[in-house]
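So, here's a batch of structures to check.
Next come two complexes built around chain A: one with chain B, the other with chain C.
This part shows the complex of A and B:
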């Protein structure tokens, strides 16, 4: 399922002194079966944009099309929204917004029960999802509010993984995770993508863009500033986007400048570079 | 001079699960220390103990020569500004301006001076255009910027950052880190404790303290740590880019001096091509 966005705008607090146009007439398509990274300056509209993808926010104007679902600015018309949410799930930027049950296992099982799973089966699936994100059985009966920041994020991610949606949207999934936890989540994302899921990651980590994404969208002030492959982005002038060139990419550019013969387009991580250098030796 | 002296500190949220298991360390006045360790190892708990938000089970915490207790809690807290891991938990004011002003009001700062300081702090973190907005209706990174302004405006002796830049865009993060190093230059007695999962960030601090399941297992300079492959392996640490590159090139036969810069590594590569 691709996501088609047509002339989408979103305004917070319309007709108040604090009115904010967070999305400003955007049209774009998010490709099916790929990992798309959405990046850009603080407040550029990333979190707002993704929340329109399953109708959590209703467009001020324009539409979002996913399969036969069309989300419009008329909430009454967005009838099949519950069905859509089964297919498109979001992990929020602040996991706290997503946690509310009294125990971790109930929290992760909540969505499944909502979709008609029996309690027992839902809890079983929840345990599986918790194992995947690196939380063992000592967490099952604990309160999700009495966890460390990174543990909360893992629970929130598990809650979405358990639902097995077709489109997975993760808003800064690695913020607050330790390096090992980040690796677990990124590997999980690759695995789900290989199984055919469409993945959207909002992130400030340029290494994730280079290493884990097929497609990247840069937002600036509610508009799209760039769309294309990570390599194309980092090879272009990014000085206006509040983003950064990954150290690895910068280093490769430096090597190129000194006529070291490498194929930058094929380099996504340090190992790729090492392999190219090894072959050359 | 010692800024913080922690001795045999223990803490548990419930009796059966000790979270801090007897931690001891000192931090000098003016030092910039990173505290690292995996999720749930006790970093945020430690920082809440340091400002008396949680009460220790045993051990002692001495801040600038004074042992932290109920009587001096307020006066010690006035020396410390903390940016919490979740900025939502620290907002008090109905607008960004009120929120930044709040601690100054508590310190009885005169009104015109207060307005001035609030504006300065807001522009330093890039939020001057948001003074009238409500903090809870900001984007994630904007919230973090306001939380940082809340702390800076107090001109603390000790600044504690609990993953304070985890949701900032790369240039925003760089601006904040530059701002902090600028503040340390202007005021060499400013002590900074930064809890972070960002290896590149901790690589630039004076010292790294590593916690592991409630124990302090390591306290040394970044270069000492990242020069020691055994330690890295033992604690399963991720290393900064330059260190990873160096190690992996060594594995295929390149040789480098200790702590080469990226340029030095590059030179070896284009000389040998």
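This part shows the complex of A and C:
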């Protein structure tokens, strides 16, 4: 399921003095089965863009096509939106604030029950999802409110994964987590991608863009400023988009500048660099 | 959720926006009293309602309050209006003229006066909404609380903690948009988990609401704790003396506006005191096209 966006625009508070254009006539295609990162500074329209992908926001004009679902600017025509939301799920920023059930397993099963699963089946699926995010049996009967921040977030993500969406969208999944917590979430994302899910990450962390994503979209003032691979982005002139080049990549660029023969298009992490340096001998 | 935005502060720069909030509150009170003063003779009622309605429409135009949002808020009230009409039409009232029967349902006579009364109450409701809308959409919530605090100052003499009340009020007002935003956020998050807030039976909707209300309360309580800690960390003392960044200023424009509203108020009070039927317009005839009595 690829996402095709045609001439999409979105305007907040239309016809009031506070009118703002969050998305300004953009067209793009998000590739299937890959990890796509969407970056850009605050207010550039990233969060608005992802919310149009499963019909939470109705576009002001233009369309979003996902398989045979077409989201248009007419909310009445957007049928089967509930089924669409099962296939395209969003994990919002700080998803731990959406927990509300008495126990962890019930909370994870909540989404499934909304889609008509029977109680026992939902709980069973919930246990599977919890295993995927790395929470064992001891968590099932605990209250979600007594968990740590990182655990809460994993429970919330499990609640979405349990729905088995084909496209998983995560809005700043590592914000506010300690390095250990971020690592668990990022490993989880890679694992889900290997299972064939299309992943979209909104992030400010350029290391995630370099290490974990195949494709990157830079947004600026509601328009697309760049689209391509992360390595191409960091190798180009990024001074306009307030982007910090990852330290590793900066180091590689310096190596290249000093005529060390490496292929910077293929370096995603430290191991890649080490391997390339070894092969040079 | 979006229709909650009615009456929200709209950042224009009109002469109504620039008035002192204290003046605006006083004018609002005077106008509300004028709207709800009961004039007995119906011709005076017609005059006062027409004058007030005209005045309010002009004020709405000057202060650039959107009529669309006014009609939207009226649309949200249709059930109330419907019930009012039902109540007024079907409940017998001894003050109605027993000869003014419009039609019978079985043996029960429906009085013309009932329609007149319900129409009048609807007009008054509309005017009330217009008045409060002008106040809230031209005055920043913070200025409103300052004005309330100013009006409550005399209560300090009898040891009422006015500044604490004002602080509570301003915090409450400050957090309304934040909580609304939070509501939208949680609704979207739960919609991503397949919750449908707009369709489904009663039990489904109650279930959907629980998934919204519990996280909302959790975050609101967490927020209040953080806020109180932050206030204490910055040395907030409810009984301490506080200086103010923004001072209220009563100017010439305020005087003119106040006198204008006061004149309208005075005229209506005078009408109530005199309460004379100025001219004979047969409203029954006017509304229904025939008159069963004359």
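Just so it is clear, the second predicted complex is superposed on the first by the 256 of 281 C-alpha atoms of A that agree within 3 Å, B and C clash if a C-alpha of one lies under 4 Å from a C-alpha of the other, contacts with A are read in each partner's own complex, and residues count from 1 in each chain.
Everything that follows uses one rule, which is that a contact is a pair of C-beta atoms (placed from the backbone, for glycine too) under 8 Å apart; a residue touches a chain by one contact, two chains touch by 3 or more.
In this text the structure is predicted, and so the values were computed from the model without any measurement.
Peer 1: Based on the superposed arrangement around chain A, label chain B with chain C as either clash or fit.
Peer 2: clash
Peer 1: With both complexes superposed on chain A, which partner does A:154 reach: first (chain B), second (chain C), both or neither?
Peer 2: Touch partner of A:154: chain B, not chain C.
Peer 1: Which partner does A:80 contact after superposing on A: first (chain B), second (chain C), both, neither?
Peer 2: neither
Peer 1: Which partner chains sit in contact with A:54 here, chain B, chain C, both or neither? Use first/second/both/neither.
Peer 2: It touches chain C, and chain B stays clear.
Peer 1: May I ask you to decide whether A:247 touches chain B, chain C, both, or neither, giving the answer as first, second, both or neither?
Peer 2: First partner only, chain B.
Peer 1: Using the touch definition from the top, say if A:18 reaches chain B (first), chain C (second), both or neither.
Peer 2: Both: A:18 reaches chain B and chain C.
Peer 1: Figure out whether A:223 sits in contact with chain B (first) or chain C (second), or with both, or with neither.
Peer 2: A:223 contacts neither chain B nor chain C.
Peer 1: Let me test your reading of the model: by the given contact rule, A:41 touches which partner, first (chain B), second (chain C), both or neither?
Peer 2: First partner only.
Peer 1: Who contacts more of chain A, chain B or chain C?
Peer 2: Chain A has more residues touched by B than by the other partner.
Peer 1: Scan A:99 for contacts with chain B and chain C and give back first, second, both or neither.
Peer 2: A:99: touches chain C, not chain B.
Peer 1: Using the superposition on A, tell me which residues of chain A are in contact with chain B and, in the other complex, with chain C.
Peer 2: Touching chain B and chain C on chain A: residues 17-18.
Peer 1: For the complex, give me every residue of chain A touching chain B.
Peer 2: Of all residues in chain A, those touching chain B are 12-13, 17-18, 39-43, 47, 93-94, 96, 146-151, 154, 171-172, 175-182, 204, 206, 242-244, 247-248, 251, 254-255, 258-261, 270-271, 273-274, 277-278, 280-281.
Peer 1: Using the touch definition from the top, list the residues of chain C that touch chain A in their complex.
Peer 2: Listed in rising order, the residues of chain C that touch chain A are 10-12, 66, 185-186, 188-196, 210-211, 214-215, 218-219.
Peer 1: Could you please specify the touching residues of chain B with respect to chain A in the complex?
Peer 2: Touch list, chain B to chain A: 13, 37-40, 43-44, 85-86, 88, 126, 132-134, 137-142, 145, 163, 166-174, 197, 199-200, 236-238, 241-242, 244-245, 248-249, 251-253, 262-263, 265-266, 269-270, 273.
Peer 1: Quick check on the complex: what are the chain A residues that touch chain C?
Peer 2: Interface residues on chain A, with respect to chain C: 16-18, 51, 54, 56, 82, 85-86, 89-92, 95, 97-100, 110-111, 114-115, 145, 159-160, 163.
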